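Heads up, the next two complexes both have chain A, just with different partners, chain B and then chain C.
Coming up: the complex of A and B.
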């Protein structure tokens, strides 16, 4: 439960308006720090919900598929260039961001990850790697501004951020493939 | 796989579809810029009452162009990137407008959002780069920053100053009709397409008047 408390604390910290404002003022920090931190907050809070509503997770997220699907859909939604702009200009979208990332991504991610099989994990990893490369190239190469609230240079920075993330995942996958798993299981 | 899980998958998919539908105005706008243009064309805002000061130091409001269409662009003279392309493309449209219409049925107006630096003298120099005559294609600034801001806001022009005295901004051709209402927002990269559309509007109007 200690974890859940840390998660809640992190969530509340991110909610403080000056903190939120600071993180959102730089595009790459908005997307690659604030958003993942919100997911992590939810991830940490997950045990609380799992203990509180064991039946809910057992029944409705039996094999982890609905949960991981929800995670993918909500995460994809936040990758649309427009949603990031809307989060800055439309209050309800901003509120949805603070709700959806911890509770519709973080919590189900933790619940699902243990339940889903290796194949699904592979699909998720490879899918997101391709997506991150794609988004990275999109943000770097597209000559027009995709987000109205940020400078073009920030957009290019974000693009490289995506590519870096994708490379990191590839390194991880590489390591995963060539690791001797029997030593750890 | 139990019954609940299947139901949950259905609910999640439905939720996702709704979310994407709402977030993109029915799959029409994936960037805020498209959403902005779609909104503007639906809203049709009227041009607010501002005072221009043009490259010949004349002062007037939008009423100066009453009874004429006005093609408005937003620029700043020290711009080294997008505005040049925008104004080059404006020049291409100007070339495609029949001489009969020019100045009588339609006027071109480039509005500077950098009034501190873009004095009439600077604008006068700037207009010569694009062969603008200063009459049928005018360049003007709006000195009152508050009024300028309200115009930019109304037309969804986003201008973000950076650390080097430049601005990041969006661009488009804004077509104002004879009553001062915004009727079209056209892609500034497709000047031929925009010119065709404008000439068509002017032609229909001219035929109607016969």
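Coming up: the complex of A and C.
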């Protein structure tokens, strides 16, 4: 339950207007720091909900697939460039961001990750890696501003952020697949 | 079968009795180079202090900036790199049952690469063709051989790093399911930082080689600085982590205690590895070309490094108090008196730790944008790193030398030599109090760094710095006495001290032994997280500085 408390604290910290404003002032920080931190806050808070509503998770997320599907859909939605614009200009979308990322991504991610099989995990990992590379190339190559609120240079920065993240995931997958841990542990 | 048994017997004997002679020779060579560098760099430092105080004027053929460059190179690159590698290789040999033959060979190859690199780099400095100071910021351009020498030094360090990785991996294969010994865990962390931290600077140096040859006409100054500090700050933390390894593992044994929680120690190490490299950005906090919001966010990244440092401070005082009370210390502070203050192996690292309290606080001040604007490019910064590196790290290294050198030389530390060490430590402390203290003060009054003595046409403000600068020279005089004693002590212990066995002091964990989680051993995962953090830290400034690059700069030789 300690974790859930930390998650709540993190969530409240991110809600503070100056903090939100600072994080949203730089495009890559908006997408690659604020949003993942919101997910992490939800991830940490998940045990509270799991304990409080065990039936809900049992009924609706028995094998983990609905949960992970929800995670993927919401996450994909927040990768669309114009959703960031919407969040900055329309108050209700901003509110939806602060609700959806912790509670519709973070919480179900934690609940599902232990339930889903290795194949689904692989699909998720590989899918997101390809997506990251794709988004990276899109943001780097596209010659026009995709967001009204951010300059072209910030877009290119975000693109390189996606590419480096994708490279890190590839290194991790390589480490995971090709290293024989049984030799060492 | 018989060979296997004899080998493991030999390993056990090694651990109990003493040292593998071949590994000892390697460690001794590294130590000898380190302390010769201390002697040379110390003498240069004295000359510099005297010139900076306006007491002497160095001749034109051996001027202040040449001396400054050589002082920096010898002390912050050669001394620390050779000491760190020698110390960790000696420790790996001790706790992993001897180095593998091929690893030993790699360490020798690395040794000679670094020596050759050093010679190639130092020649242009002596010829006054590379007075660019050790940060070698472009557009100041040195002769190409200076950069080639630096590249060779880095490659030599990489060979040593990979040697260590091979040895650790092989040990883990043989000792399946066991935790890496804590000292080897520290060594792994340091070599990971040495390798990943120096990738950026290697790219920079390769570009500068082409630039100084004239193959490429211009260089992006801001990118060069960014790549340099990704390394520069990591290097600082490598020294620090080396010192910390002795604080966690060795000092408790020397005072007769047990070391702090094994799991927490490992977590501190992992955190330092993960968060370190982007911290370098705070060295550029007043550089142009980066937005204010970004600088503000980077302050968090930098300050996060102080979190494991504070954990370390807590752990150390926990160990001291427990040990002091076990030895009969009473009352709130009675345990302090029970600590072995007369033992140089404790006294030197203890003063080092105490020095880190103001040193770390000063570092936090500098990380903050506004405060940095007050002290940036003043003598304050010089005072700061003479307190961190010149006191916290170096005094720990000196303290280590009083057991490590006897250990690898199969000799013992005599009570007389211990006394010499205590005196040396006191002289060093006094010298640094004078020198670093007055540097901090005069920096706040605006005296610039990286500048030879000048009264700026008898400007009243500049004249007001003079009394402080005299204290810099006074401190420097104490320090050179300290250097001479230390170098004498090292070579005496290496070649003339009475024969005998000195143990490699590694403290036992606390009882009851708690179980350390196995995930601490997943180095691959930590490296990936480290890479994620590095890209979080550096993608923004690098893309900005490369895509919106100003016109590059041709090489300049201002001297």
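Going forward, the second predicted complex is superposed on the first by the 180 of 185 C-alpha atoms of A that agree within 3 Å, B and C clash if a C-alpha of one lies under 4 Å from a C-alpha of the other, contacts with A are read in each partner's own complex, and residues count from 1 in each chain.
The working rule: contacts are C-beta pairs under 8 Å (C-beta built on N, C-alpha and C of every residue); 3 or more make two chains touch, one makes a residue touch a chain.
Bear in mind the structure is a predicted one, so any value in this text is a computation, not a measurement.
Chain B and chain C, once both complexes are superposed via chain A, fit side by side. By the touch criterion stated above, A:82 is placed in contact with chain B alone, chain C being left untouched. Once the two complexes are overlaid on the shared chain, A:175 sits against chain C while remaining clear of chain B.
The wider contact with chain A, measured as residues touched, comes from B rather than the other of chain B and chain C. Applying the stated contact rule after C-alpha superposition, one finds that A:151 touches chain B and leaves chain C untouched.
Angle at chain A (Cα centre) between the Cα centres of chain B and chain C in the superposed arrangement: 110°, in steps of 10.
In the superposition on chain A, A:141 contacts neither chain B nor chain C.
In the superposition on chain A, A:165 makes contact with chain C only, while chain B stays out of contact range. Residue contacts after overlaying the shared chain place A:73 against chain B, while chain C stays out of touching range. Within the superposed three-chain model, A:65 lies in touch with chain B and out of touch with chain C [touch as defined at top]. Between chain B and chain C the least C-alpha distance in the superposed model amounts to 9 Å. In the superposition on chain A, the residues of chain A contacting both chain B and chain C are 153. Residues 1-2, 4-5, 7-9, 11-13, 15-16, 19-20, 23-24, 29-36, 158, 160, 162, 168, 170 of chain B are the ones that touch chain A when the two sit in their complex.
On the chain C side of its complex with chain A, the touching residues are 169, 172-173, 176-177, 291, 293-294, 296-297, 518, 521, 524-525, 527-528, 531-532, 535-536, 539-540, 542-544, 547-548. Within the complex, the chain A residues that touch chain C are 22, 25-26, 28-29, 32-33, 153, 156-157, 160-161, 164-165, 167-168, 171-172, 175, 179, 183-185. Considering their complex, residues 59-63, 65-66, 69-70, 73-74, 77, 80-83, 85-86, 89, 93, 144-153 of chain A touch chain B.
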